[in-house]
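Same chain, two partners: chain A is paired with chain B first, then with chain C.
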Partner chain A sequence: MTFISPLFILFITIVIFVNYLLPPRFRYVFILSVGLVFVGFFNIESLIAVLLFTLFNFYLAKLILNNRALFIFGLAVNALAIILFNYFNSTTNGLHFSFTLISFQIDKFIVAFGLSFYSMQNIAYLTEVYSKRMIAETKLAKYVLYSVFFPKFISGPVMLPVEFISQIDNNVITNNNLIRGFQLLLLGVFKKMVLADRLAPGVCSVFDYHSNYSGLTTLVAAYLFTIQMYFDFSGYTNMALGMAEMLGFKLKDNFNFPLRSTSVSEFWRRWHISLISWFTKYIYYPVVFRLRDYKKIAPLIGILLTFFVSMIWHGIGFTFLAWAVCHIIYLCFESLTRKARTEFSERFNNSLCKMLYIFIVFNLVCFSNIFFRANSFDTALHLIKTIGCNFIPDNFYNGLIAPIAVGGHQIDEFNLYITILLSVLFLLFERRIGNIVSSERINIKYIIGSVLLIMIFGVFNSGTRFIYMQF
Partner chain B sequence: MQERLQKVFRKVFNNNNLIITLQTSANDIKMWDSITHMELISEIEVEFNIVFSFDQVMQFNNVGDMLMTIEKLSQNHK
Partner chain C sequence: MKNFYKILISFFLLLVLFYGLEKLYDFALRHNCNIKIAYIQKEKINAEILIHGPCEPLWMISPEKLDRITGLKSYNLALTHSDFADNYLHLYYYLKNNNAPKYLFFYVTPESMDLNYNTFNTYRFAPYLDNPTVDSVIKECDSNFYKWVRIPFMRYAFYNKNINFDAIQGMKHYFNNRKKPYYVNGYEPPFQVKWDNHLENFIQLYPHGYRFEWNNLREKYLCKLIELAKQNGIKVYLFESPVLKEALQYQPNREVMVNRIKAIATKYGIVFKQFDNMKIAESREYFMSTLNTNLKGSRIFTDSLGAFIKAEIGKANHPE
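So, the complex of A and B:
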C-alpha cells in the first residue's frame, strides 16, 4: 500500500476524518492502532519484527544510562539490522520456513527489522538517552506510536523521539492544519504522479536498455534521473508532511530547493535534510571533534567515514561505493579550496556566475547519480563511456527523442515535451508554489489547478514505487 | 571576550569586516557549515586556552551560547 494507491487514498481519508472527530485524548491510541494496521498490511512478519524491535529499544534505553557496554550492544544490534536489511534487500535468496499451517519467511522478518529509517531513529534515541541529552520515554504506547507513525514509517523524515513525542500530548487540529496539510498532500501527489512518474519511463529506457544510445541521449537521461529522484522523494516528503499535519503532527522538512545549490556541500545541506542531519550529528561531528587537533585532516576523515556509512545505508555494492567516492572527492576538494573559492565567488558575485556554479554542481550530482541509478557498476561505466564518445546522434529524432519518449508514437513525443515543460516550469517557480502551499489561507486556484493537472497529466496505476522505499 | 571571539571568527571565515553579535548563528554566515564549525571550535580552544566537551559543542545554537560556555570554562580554568 503506497501513498498513491486508491486503497491508501480511501484509508487516509477515513483516518483523517475519524481522527478529527475524536476527542484529543483518544487520538494517539487511534493513530497508534492505524499505524500497526498499516505496518501489518505489508506482511505479518513486519508487524511482529517492528513490535519486538520497538520493545527491545524501549526497555534497553532504560538500562543504558551509565552502561557503555549495553549502549554499544544496542547500537550494534540496530546497525546490524540496517546491514542485514540491505543484504536481504539486494538478494533474492530468502530463507523460508514452512510449517503445516503457518508459512513464515525469515528474510521478510529480517527486512522488517532493519527498515533503515526506523533503525536510524532507534540509534538516535539510544544515543540521546545515553548522552543524557534526553530522558528515556516512560510510556510504551507513545514510543510505539513514534516508531510506527505511518506517514514517516517507510521513508522518514528521520525524527528524534523528543521532537515527536512532545507533540502527542499537545495534539491540536485547526482549520489551518487541515488546509495546509491538504495543500501539501496535493503538491506531493502532483510531483509524484505528474512529474516523477512521467519522467520514469524515459530514464528507465536509457539506464536499463543502454546499448545503442548516443552520448547526448545518455546525458539527458542522467539529468532527467536526478530531476525524477528529486520530484519522487520530495513529493513523498510533501505527502508525509501533509498527512501528518492533517493528523495534528508536524514533521521535519527534507528539502530546501537542492537543485539551486552553488556548491556540493550546500547541496548536502538542502537535500534529504533529516538524514544528513542524522549523519552529521551521529557520525561526522563525533569523529571530527575527536580529531580536531589535526586541523585540515579532521574534516577529510569525517567526510570519508560519513560517506562510507552512507554508502552502507544506501546499499552494499560497487555502484553505491562509486557514488560515495564521487561525493568524498567533491567535498574534500571543496574543503581544501574553500578560501580560494570564497575569494573567487566574492569577486565574481553576479547572477551569471551563480547560474554557472549551479550548473556545475548539478552536473557533478548527475554524474554521481549515474552510479546511484545504474543496475551494475559495469553498466554505469558503459553509460559514462557513451557520454564521452558518439555524443551527437546522427538523427536527432531517432537518436535523442525516440529513446526517451518511450512508445514510439507521436503522442509519446508530445507527452515528453509536456513533461519537460512542466518540470522546468515547476523548478523555476517552486519557491512561489511553496509559499502558496504553506500559507494558512485556502487557495482555490491552486487546488483546482493541481487537481486538473493531476487528472489530465497524472500517471495512474503506473506500479512504480517511491525510489527511496528501497532504502 | 566578544572581541577576542570576533577575532577568531574573522580568522576562520577569512573576513576582516565580520561583526558578530550574541544572536549570530550559522544561518548568518555563509561559510559557517559543519566543516568550518569544528575548525572554529578548535581555534576558540587555542585562543582561550580551554577544552570544550562534545556535549557543550552540540548545544551551541549561536554566538551567545558559545560566549557563555567560554566564560564558564575560563573561570574554572582560573
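So, the complex of A and C:
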C-alpha cells in the first residue's frame, strides 16, 4: 500500500474522518492501531520485527540511565539493524544462517520497510534518555505510536522523540489543520505524479540502458535525476506532513528549496533536513566536540565520519562510497576555503554571481548523484567517461531528445517538453506555491488548478515507488 | 461554514470541469484522423484485403505494393505494440463501418502468444467505453484501469501521456477540417534504418535463451478474432514474417509454440503461412530487429506476401 493507490486514498480518508470525530484522548490509540495495520499490511513479519524492536528499545531505555554498557549495546543493536537492512537490500537472496541444529533463511522482504528511518529514531531516543535530556517514556503505547506513526514510518521525516511524543497529549485538530494538511497533501501528490513520475522514464532510459548515449544526454539525465529525486522525496514529505497535520500532528519539513543553494554546505542544510539534523546532532557535533583541541582538523574529521555513516545508511556499495567521497571533498574544500570564499562573495555579491554559484553547486550535486543513481560503480564510471569523451551527440534529435523522451515519436517529444516545462515552472514559482499551501486559508484556485494538472498530466499507472523507500 | 461552502464549490466546479474535459477529449480524439480506430469509423475504406496485427505488419507491408501485385484494394489495420484483444477491437470497429474484406491476413508468431511481447493499449479505446463489447474487453484485459473509469474524466486521465497529444492533434484536425490521416492506407514505413541492438540486449538479458510462455487470454482473443472474421464471411490467413535466423538459437521452445499456433489454425480450418525459408532471414542487412525488417527487407517481404496472396486468390477463383 503506497501513498498513491486507490486503497490508500480510501484508507487515509476513513482514518482522517474517524480520527476527527473521536474525542482527543482516544485519538492516539486509534492512530496507533492504524499504524500497526499499515505496517502489517506490508507483511506480518515486518510488523513483528518492528514490534520486537520497539519493545526492546522501550524497556532498554528504562535501564540505560548511568549504564554505559547497556546504552552501547542498544546503539549497536539498532545500528546493526540498519547495516543488515542495507546488506539485504544490496543482495537478492537474503542471508542464510546455519547452525548445527538450526538452519534458517532470512529473506530480504522479511526486513521491515523503513527500518533505517525507524532505527535512527530509536538511536536518538536512547541517546536522549542516556544523556538525561529527556525522561524515558512510561507509556508503551505512546512510544509505539512514535515508532509506527504511519505518515513518517516509511521514509521519515526523522523525528526526535521529544518533538513527537509531546504532541500526543496535545492533539488538537482545527479546520486550519485540515485545510493546510489537505493543501500540503495535494502538493505532494502533484510533485510525485506530475513531476517526479514523468521525469522517471527518461532518467531510467539513460541510467539503465546507457551503452549508446552521448555525454550531453548523460549530463541532462543526471540533471533530471537530481530534479526527479527532489520532487519525489519532497513530494513524499509534503504528503507525510499533510496527512500528519490532518491527524493533528506536526512533522518536520525536510526541504527548504535545496536547488537554490549557493554552496554545498548550504545544500545540506536545505536537503533532507531531518536526517542531516540527526547526523549533525549525533555524529558531527560529538566528533567536533571530542576533537575540539584540533581546531582545523576537527570539522574535517566530523564531515568524514558523518558522510561515512550516511553512506552506510544509504547502502553498502562502491556507488554510495563514491557519492559520500564526492561530498566529503566538496565540504572539506568549502571548509578550508571559507575565508577566501566569504571575501570573494562579499566583493561579487550580485544576482549574476549568485546564479553562477547555484549553477556550480547544482552541477556538483548532480555529479555525485551519478554515483547515487547508477546501478553499479562501473556503470557510473562509464557514464562519467561519456560526459568527458563523447559529449556532443552525432544527431541532436536521435542522440539527445529521443533517449530522454523514451521513444522517437512526436508524442514522446511532446511529453518530454511538457514535463520539462512543468518542472521549470514549478521550480520558478516554488516559493509562491509554498506560501499558498502553508497559509491557513483555503485556496480554491490552488485546489482546482492542482487537481486539474494532476488529472491531465499526472502519471497514474507508473507503479513506481518513492525513491527513498529503498533506504 | 465559509470553508465548508468553499470546499463544496471546489468539488462541484471540479466535477463540472471533469465532465466538460471528458466531452472535449472525447470529441477531439474522435476527430483525430491519425488514430486508426477513429479514422475507420469516419471513412469508408472497404478494402478487399485487410492486413492486421502489431508493429511488424504495420511497418513491413505496404498496401500500395500489394494492390499492384494482387489487383485488389488493401488496407493495413495493424498497430504498434498491439495484442490480440487490441486487434480484435480494431477489427470489430472496422467491420462496423466498412464492408467485410474478402481476405484477412493476420500476423501471429510465438511472440504474440507471450505476455512479455506487445500489450493491450487501453487508451486507444477510452472514447468507446460506452460500447458493451469494448467495456467487457477492457474489464478483462486492464482491470487496474477499469476500476477507475466511473470517475469523470478518469478514462482519459489514467493514460494521459498517450492521450494529450492525440487530443490536441484531434482538435487541430477538426479546425483544419482534415479528413485523411498522415498514412492513408495504414502502412507506416519502418522509422529506423539501422540495426537497433535489440538482439544484443536480449542475449545480455537471457544468455541461456528465452522460453516463450503461452498465454490463455491471448489465445482466447486470437480465437475471438478469427471467429469474428469468419462470422463476417472473411477468409482468414495467419502468417509469420521472416525471423532473423541467428536469433532462433536463443528461443528453445519456438517450435513448440509454432505447433500450438498451427493447431489453432487447423481447428478453424485456416492457413498458417510461415515465411521462414526466405533468404533475407539469414542476414542482418534486411532487419532492424529480430522480427522487424528494415525498408529493404520490407520491400522483399511484401513482394513474397503479394505473390502468396495472388496465388491464393487464384486458387479461390479456380479451385481445380
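Just so we're on the same page, the second predicted complex is superposed on the first by the 453 of 471 C-alpha atoms of A that agree within 3 Å, B and C clash if a C-alpha of one lies under 4 Å from a C-alpha of the other, contacts with A are read in each partner's own complex, and residues count from 1 in each chain.
Basically, a contact is a pair of C-beta atoms (placed from the backbone, for glycine too) under 8 Å apart; a residue touches a chain by one contact, two chains touch by 3 or more.
None of these values were measured; they are calculated from a predicted model.
K.L.:
Tell me which partner A:Ala196 touches in the superposition: chain B (first), chain C (second), both or neither.
P.N.:
In the superposition, A:Ala196 contacts neither chain B nor chain C.
K.L.:
Would you check which partner chain A:Val365 touches, where first means chain B only, second means chain C only, and both and neither mean what they say?
P.N.:
neither
K.L.:
So, does A:Ala380 touch the first partner chain B, the second partner chain C, both, or neither?
P.N.:
neither
K.L.:
Look at A:Ile179 in the shared chain and tell me whether it touches chain B only, chain C only, both, or neither; answer first, second, both or neither.
P.N.:
Only chain C is touched by A:Ile179; chain B is not.
K.L.:
With both complexes superposed on chain A, which partner does A:Phe460 reach: first (chain B), second (chain C), both or neither?
P.N.:
second
K.L.:
Does chain B (first) or chain C (second) touch A:Ala222, or do both, or does neither?
P.N.:
Neither partner.
K.L.:
For A:Gln410, select first, second, both or neither according to whether it touches chain B, chain C, the two together, or no partner.
P.N.:
The answer is second: A:Gln410 touches chain C but not chain B.
K.L.:
Using the touch definition from the top, list the residues of chain A that touch chain C in their complex.
P.N.:
For this pair, the touching residues of chain A are 6, 175, 179, 198, 209, 211-212, 408, 410-411, 414-415, 418, 442, 444, 447-448, 451-452, 455-461.
K.L.:
So in the complex, the part of chain B that touches chain A is made up of which residues?
P.N.:
14, 31, 33-36, 38-39, 41-42, 45, 54-55, 57-58
K.L.:
Of all residues in chain A, which touch chain B in the complex?
P.N.:
By the definition above, chain A touches chain B via 131-133, 265, 269, 280-281, 284-286, 288-289, 292-293, 295, 298-299, 302-303, 335, 338-339, 342-343.
K.L.:
Using the touch definition up top, name the residues of chain C that touch chain A in the complex.
P.N.:
It comes out as residues 3, 6-7, 9-10, 13-14, 17-18, 21, 144-145, 147-148, 153-154, 157-162, 164-166, 191-192, 197, 201.
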